[in-house]
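The following pair of complexes shares a single chain, chain A, combined with chain B in the former and chain C in the latter.
Then we have the complex of A and B:
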């Protein structure tokens, strides 16, 4: 069974690669439109430095924009979940801004922050902020009253209640929000770099497309996919450790 | 001597539902008072009011002569549901009240370890999360956690209702040992008449909802008490009769 599932898991991608190689090599589809995987992988060998630098740039932008979103999203989410007045005051605003896709902010981001890092930080922040905010708020609202009452009974004030009860009790939902936000942030950096930056993986693939270097485009896409997967896996491992009590 | 707790003419209703109808009683220094009453009569409501977790319509609740104001560790409570914090280890749970009192972590840990010794069976489990513990063990942690608040009066809401009969008997004996050792004043609520007679100095009997005090029985039997002793059986029968006649 173990072997069987491994064969299935690896077998499908390998079959797709082989079919893709054949289709492209035999010219069923022009190699310009669909470069064979061998050519795509060759890109990693020919220009590893360029890919690494652009990947590092994108990761750096996500790290900054996402950190701001994480801190502000968790803070506001806790306050909205814990205090009815804060929720009432912010709810409508959140509901109006939330449905605007992060991509739709790019034009204003360019006007405000110009082309470069700051615009990318902003777009990533917008994308990651809302999933984090909403999960945190929901998590805090779902905290069982019994724990809040036990804490009050034992002498907790508001600050202690947030730190010792609301945050840890809501942590499973907060982490889900943070993981979703990271995924959205990673998508946003690519979009932002295609329009509002002159570096990064998004910029790299849009530039390669301009000169029809489709092998580089697909190599960039694969890099984005693999890095996204690694971040998600890393995050899940972290979640498992932080939630050992569950 | 002034009672630790005085409850005078307490009246409480939820909307149109009258739950407590002029309930009055005192609890004296070092006394073990058990309150028995049918399920749904208002026992939990009474304890929650004393704990400051619920407001009331009329009457007075005085702790050492002073009206209570909101919840506080001077009236630490063991809840009927398992209310130990699942995200904290046993030791961290018991450190909670000392930390809330403003003690530094070393001092809080010293106090927590002291009460972890007072409650039998917890040694060796200090670093476990509650999910690993049985219901009885969780309730032992809850007792240690409440004791570590060093309350004027320990409030207990059917603490052994959810554990099996054998464990319940053992935990009742443990509670008597704890009571003797710490000289705490205890107010315990239960619907189990045998439990009340086994544990308490006095048993207060409440009527069906709305709860009124219908009897107060002094239990002068020496401890440890024998549940099959004729006098024990007679007292138990008398209380059951009072309850049955309601």
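Then we have the complex of A and C:
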């Protein structure tokens, strides 16, 4: 069974690559429209520096925008989950802003922050903030009443209650929200860079598209995919460690 | 295992679907022509306004593109058969494997660098553009190629010493008026319009950078020439006729472009004077562009000129 699942896991991507190479090489689909994988991989050999610099730029932008979203999303989520008044006051506002896709904010981001890092930070923040906020709020609200009453009986004040009961108990959902937020933030950086920046992987893709360098476009896409996968896997590993006590 | 089979069937269905779609597109007798909203493509506007296609019994569909690069994508995808397009994006597309041929010239010169009026006394030469925000039509366009050539000639790095941003022609004129940019390089009527509105001052025509340089060309896909040689000849004949007509009737031609581009006739009369309309090609200038594109990495090899530029049809039609 093990061997079978490994064969399936690796076999499918390999089969796709071979079919892709054949389709492109034989000209069934023109190589401009679909460059063969061998040409795409050659891009990594030809311009590793350029890809690395652009990837680093995109990662840096996500790190900043996501950190702001994580801190503010968890804080506001805990407050909304713990205090009925805060939730009532903010609920409608959140529900109106939340469905607006991050990409729809790009024109306003350019007007407010210009072309560059700040616009990208903002778009990533918008994308990552809501999944984190909603998961945190839900996590806090789902904490068993018994824990809360026990803590109150033991004389816990609000601060102690949040710190020692609500946050640890809501941690699994908060982490899920943080992981989802990271994924959304990573997608947002690429979208933001396509329009509102002059560096990064998103910009690299658009630049390559202008001169029909479709091999570079796909190389950029693959870089985005692999980095996104690594981030997700890394976060899952972290989650496992943080939740080991449960 | 069933999922595998389903996957293969789905993939096959997609490939067959795409194939049928592409096949149908090829079979149609409607000629699909791409162009840009610029005076450079006045020959097409004249041909349409004078019903030249109808008189030859040809049905055409026209598709407007903001700039050359998206037009090359349409050529690559087989969405258009004929394109009025800058020779720079055409060279790039050809070198990347898009099966096209240049069959005639469209215009020479016809773009300009315009600087903001209140900056004009400070920006007297290309080298004064250092640190400035310059709008260009699009990366990969002929304007992009020429501004990069000019900047490099004056020792400026186009990627570091200036801030090049993409903007369509009419947006660039507005942005110059709103002082959001310091200068632009755009095709006519952008420069003439900016001067007419009092937003800017002409710093240099692209003509001054590379005299009589080839700008736009008439491009056809190889499959269109192969499958519809008669249509290809008729399109070329109309193009020649319309180009001659522009040079013989500059005033009426300006009226036609004014109507098409929604600009005052006065502006068009000035703008059209900055464009040389000719169906002949300045091939040496295209070779200069190609060498430069190779140097800056937009292309990885030079075009096979004898395949890329095909003047057989032109000789047959124009004699």
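Following the convention adopted for this analysis, the second predicted complex is superposed on the first by the 246 of 246 C-alpha atoms of A that agree within 3 Å, B and C clash if a C-alpha of one lies under 4 Å from a C-alpha of the other, contacts with A are read in each partner's own complex, and residues count from 1 in each chain.
Quick note on the criterion: a residue touches a chain if its C-beta (ideal position, glycine included) is under 8 Å from a C-beta of that chain, and two chains touch if they have at least 3 such contacts.
The structure displayed is predicted, hence computed values, not measured ones.
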item: Which of chain B and chain C A:30 touches, first, second, both or neither; value: second
item: Touched partner set for A:213, first chain B, second chain C, both or neither; value: second
item: Partner chain(s) touched by A:50 [first = chain B, second = chain C, both, neither]; value: neither
item: Contacts of A:115 with chain B and chain C, given as first, second, both or neither; value: second
item: Partner chain(s) touched by A:150 [first = chain B, second = chain C, both, neither]; value: first
item: Partner chain in contact with A:72 - chain B first, chain C second, else both or neither; value: neither
item: Touched partner set for A:165, first chain B, second chain C, both or neither; value: first
item: Residue contacts with chain A in the superposition, chain B compared against chain C; value: B
item: Footprint of chain A on chain B - complex, ascending; value: 51-53, 70-73, 75-77, 79, 81, 83-88, 96-97, 99-101, 129-131, 145-146, 149
item: Residues on chain A engaged by chain B in the complex (per definition of touch); value: 146-147, 149-157, 160, 164-165, 168-169, 171, 244-246
item: Complex interface listing, chain A residues touching chain C; value: 28-33, 115, 198, 207, 209-214
item: In the complex, chain C residues that touch chain A; value: 15, 18, 69, 72-73, 76-77, 92-93, 96-99, 138-140, 163, 165, 298-299
